[in-house]
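Paired with subunit B in one complex and with subunit C in the other, subunit A is shared by the two complexes that follow.
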Partner chain A sequence: MDSFYEWFKILYDDTGINLPFLYDSYDRGRMFDGFLMTIKLSLLCLFFSVIIGMIGAWLQNSPLKWTRRFVGGYIQIFRNTPPLVQLYFFYFAVGALLPKIDNGYGGEMPLLGGFAWAVISLSFFAGAFNVEIFRSGIEAVPKSTVEAAEALGFSRLQIYKDITLPLAFRVMLPALNNNLVNLVKTTTLAYAIAVPEMLYEANQIWSDNVNVTEMMIFMLLAYFFLVGILVWGMNRWERAMKIPGYG
Partner chain B sequence: MLCNDIKSAGVLKVGVKADYKPYGFRDPSGAIVGIEPDLAKDVADRLGVKVEYVPVVSSNRMQFLEQGKIDLMIATMTDKPDRRKVVSIVDPNYYSSGTNVLAQAKYGFKEWEDLRDKPVCGIQGAFYNKKTAKEFGAKIVAFKGTAEAYAALKGGNCVAFVYDDSAIVAKTKDPEWEGYEMPLKTIDDAPWGLAVQLGETAFHELMSDQIISWHKSGRILELETKWGVENTPFAIGMNKKYQ
Partner chain C sequence: MTTNEEMPMVSIKDVHKSFGDLEVLKGVSMDINRGEVICIIGPSGSGKSTLIRCINALNDIQQGSILVEGQEVNDPNLDKLELRKKVGMVFQQYNLFPHKTALENIMMAPIRVLKQDKKEVEETARALIKKVRLEGKEDNYPGELSGGQQQRVAIARSLAMKPDVILFDEVTAALDPETVNEVLLTIKELAEEGMTCILVTHEMAFAREVADHIYFTDRGVIVEHGPPTTFFDEAKDPRTKEFLSQIL
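Then we have the complex of A and B:
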């Protein structure tokens, strides 16, 4: 393996193509940590944003007026503001208002760090879109199907989870795919609040080594690869869920 | 060649910092002022053109110069050999500073080693981030600009802020930062280089001459005093050397 890494050092000396995240063990370590951080951040945000979408769409049809208004307000706020502004807002504004905890060195630190805020903020951001996407799927389920379920004595929750949602899923998957792909790409914004994800580490590496071009190309390929895996998985899921003659 | 272009355009575009008090920052009206903008103005006056300040940050300043978005860069940049490959850094160096941290006095930091495993704020793209993380084991939390880093330090997101000592000295005198100190021994005292595009020989020579005249006339010392910085040993030494 060492000779493999060494080869990139020779490549640099001979051609000037500088890939320190391969031959320098320190840069390699931080690039890899950044890669893991991006994956961790993406998975958590994907998970929570879908949960938020599911619950939000359920609450949107609530018989209680104020619940519906609350969900509506949430969607408007998170959909109509830029995610970078939201990140800064949570990290610097909300974070400063929360109680502080002991940092173990005789000082105080905020309750939540950059990573926690990135997960919260990006999940709510993508979640707002997901609520609308789930709604589009739910509204596509024929009213007669829901009425038939009601006639059979299903409760509102049962109808949502056993009848409406499974059918709605099939309709809305393409739209959901789009939003989740966007979400993975949006995780790069977390570098603004110093979450050490891929772009953050790449930025530090290109500043230390002045190899902006190489790092930019690498970043493009890395995200292409990451998002490619997600799209491939989602497409497979879409095919697996297909019901002949429906949708 | 470029000199003529600048003269015919009537404007000298200079990349300066806009978030680095007192070297380059925005005054309450939003205009960029400070030691480096003043130096840039000297160059423009010498060429007989107007000066236009382009705000740059550490992670884009060399790219701006390479792409011709700016003609000259005076942006607190440390002179390093790998940077000399990308831009044309002018000799002699016009300034110098080292690395230190801003931290609350109550932490009682004495050595760089005291930062081990503690979150330390930094600026994205600064060269000493790597050293602080690699040699002293600090966990660097780097932000885009100094405003965010100072806010994070105040908010307790990190226990110290690793930055240029020249900027930290100014902060420790600021009443807003009472209780904060610059506790460590300055490391990496390194010269700053202003830069022009590679291959701009004539402009390079003109700038070289300009820097010597700044040192000779004591202009740097005068600007330090004007902007509230104590005269640095480097500026005093250079002034003596060219006297």
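Then we have the complex of A and C:
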């Protein structure tokens, strides 16, 4: 392994192609931490945005007018504003309104850090699209199938969980996958509030090494492969969900 | 409420039902006793589906009373779960759950709704599959079954809830002529076992053979009713006669 790393050092000396995140153990650590942070951020946002989509779509079918309006308003706000502005809004505006807590050294620190705000903000951003995606999936479930479950005595929640959602899922998976891929790409915005994810760490490295070109090429490839893996997984999932003789 | 043997199982009295301005049921009454098979026939749009969907509260009614084993359906505080445990329903389009196998379709409601033990439910479900002659199709999805097979799964699914009465809404209307009989045979066997059945059907020969009582509806009212022999051979109302002459 060491000789592998060493090779990139020689590459740099011979050609000027500078990849310090491969031959320098400190930069390697930074890059790896950034990579893990991106994964962590993506997974948490994926998870919460899907939950928001599910609950939002359920609330949109609520008999209460104000519940439906509230969800509608949420979707409008988050769809029609830039995600970066949303992130700043949460981090700087909402964050400033929250109480400060003791940081253990006699000072104060914000209740929620950049990472938490990035998760919240990006989850709500992608969640707004997910609500719409879930709703279109739910609308595609035949009313007659739901009626059959009603006639068997299923409750509204049971029908949603056991019948509507599993069927809606199949219809909406392509749209959902699309949105989730977008979400992973959008996690780079967390850079703007100093969350040490992959792009942020890359920036640190190119500032220290003045190798912007190499780092940019590497970033492009890194996200290409990361998102590629996600797409591959999603496609497999789509195929696994296929019902024999249906659709 | 005690289940009185003398009391009708389903008692429908002066039921009125409108969709907006359109009055579809204009005062319908009928009594169905335990173990009886009744057939409702009538022209398209006369309100047959609407009527039987009122019995299990898929439709609400504006006026009148429907008692199912003493439980009033026209009640804002109706316990729908309690009602639907007693009343099964089979639909024209089968309406199976497409993402569940035949066996799972049958098992789902007893497990989820009645909270019965999975092992026991599976035993019952396999017995029901056998009863509707679908052995070997347990693990097939609805999309892999013919219409007639799907409809028999739907009947088994309804039976798994051990209902006291089953509603059948034109359950053979979407089937190929060859498969109609396999479904009718299943229903006939149920009837012979004493299951209370309320059927909407266009199968006159079947109605004549199986029904204890026939109701003819037109434009939201019951025009004429009686036991099959009287009904088919001695219909009095001109509307009944015209309908029968067209269909027979």
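Here, the second predicted complex is superposed on the first by the 247 of 247 C-alpha atoms of A that agree within 3 Å, B and C clash if a C-alpha of one lies under 4 Å from a C-alpha of the other, contacts with A are read in each partner's own complex, and residues count from 1 in each chain.
Simple rule for what comes next: a residue touches a chain if its C-beta (ideal position, glycine included) is under 8 Å from a C-beta of that chain, and two chains touch if they have at least 3 such contacts.
Here the structure is a predicted model, which means the values were calculated and not measured.
Considered on the superposed subunit A, subunit B and subunit C are sterically compatible, since they fit side by side. An angle of 160 degrees, to the nearest 10, separates subunit B from subunit C at the C-alpha centre of subunit A in the overlay. In the superposed pair of complexes, A:D162 makes contact with subunit C only, with no contact to subunit B.
In the overlay built on the shared chain, the residue A:N80 is in contact with neither subunit B nor subunit C.
Once the two complexes are laid over each other on the shared chain, residue contacts for A:S144 go to subunit C alone; subunit B is not touched. Looking at the shared chain after the overlay, A:P244 reaches subunit C, while subunit B stays out of its contact range. Judged by the touch definition given at the top, the superposed model places A:G114 against subunit B, while subunit C stays out of reach. Touch criterion met: A:F154 reaches subunit C, while subunit B stays clear of it. Between subunit B and subunit C, the shortest distance over C-alpha atoms in the superposed arrangement works out to 49 Å.
Overlaid on A, the two complexes show subunit B and subunit C touching no common residue of subunit A. Note for the complex: subunit C touches subunit A at residues 56, 58, 80-81, 84-85, 87-89, 91, 93, 95-99, 108-109, 112-114, 140-145, 154, 157-158, 161. Partner subunit C is touched in their complex by these residues of subunit A: 142, 144-145, 147-155, 158, 162-163, 166-167, 170, 243-246.
Residues 58-59, 62-63, 82-83, 85-86, 104, 106-107, 118-119, 121, 124-127, 129-130, 134, 141-144, 148, 151-152, 155-157, 159 of subunit B are the ones that touch subunit A when the two sit in their complex.
Per the touch definition, subunit A reaches subunit B in the complex via residues 26, 92, 95-96, 100, 103, 105-110, 113-114, 191-194, 200, 203-204, 206-210, 212.
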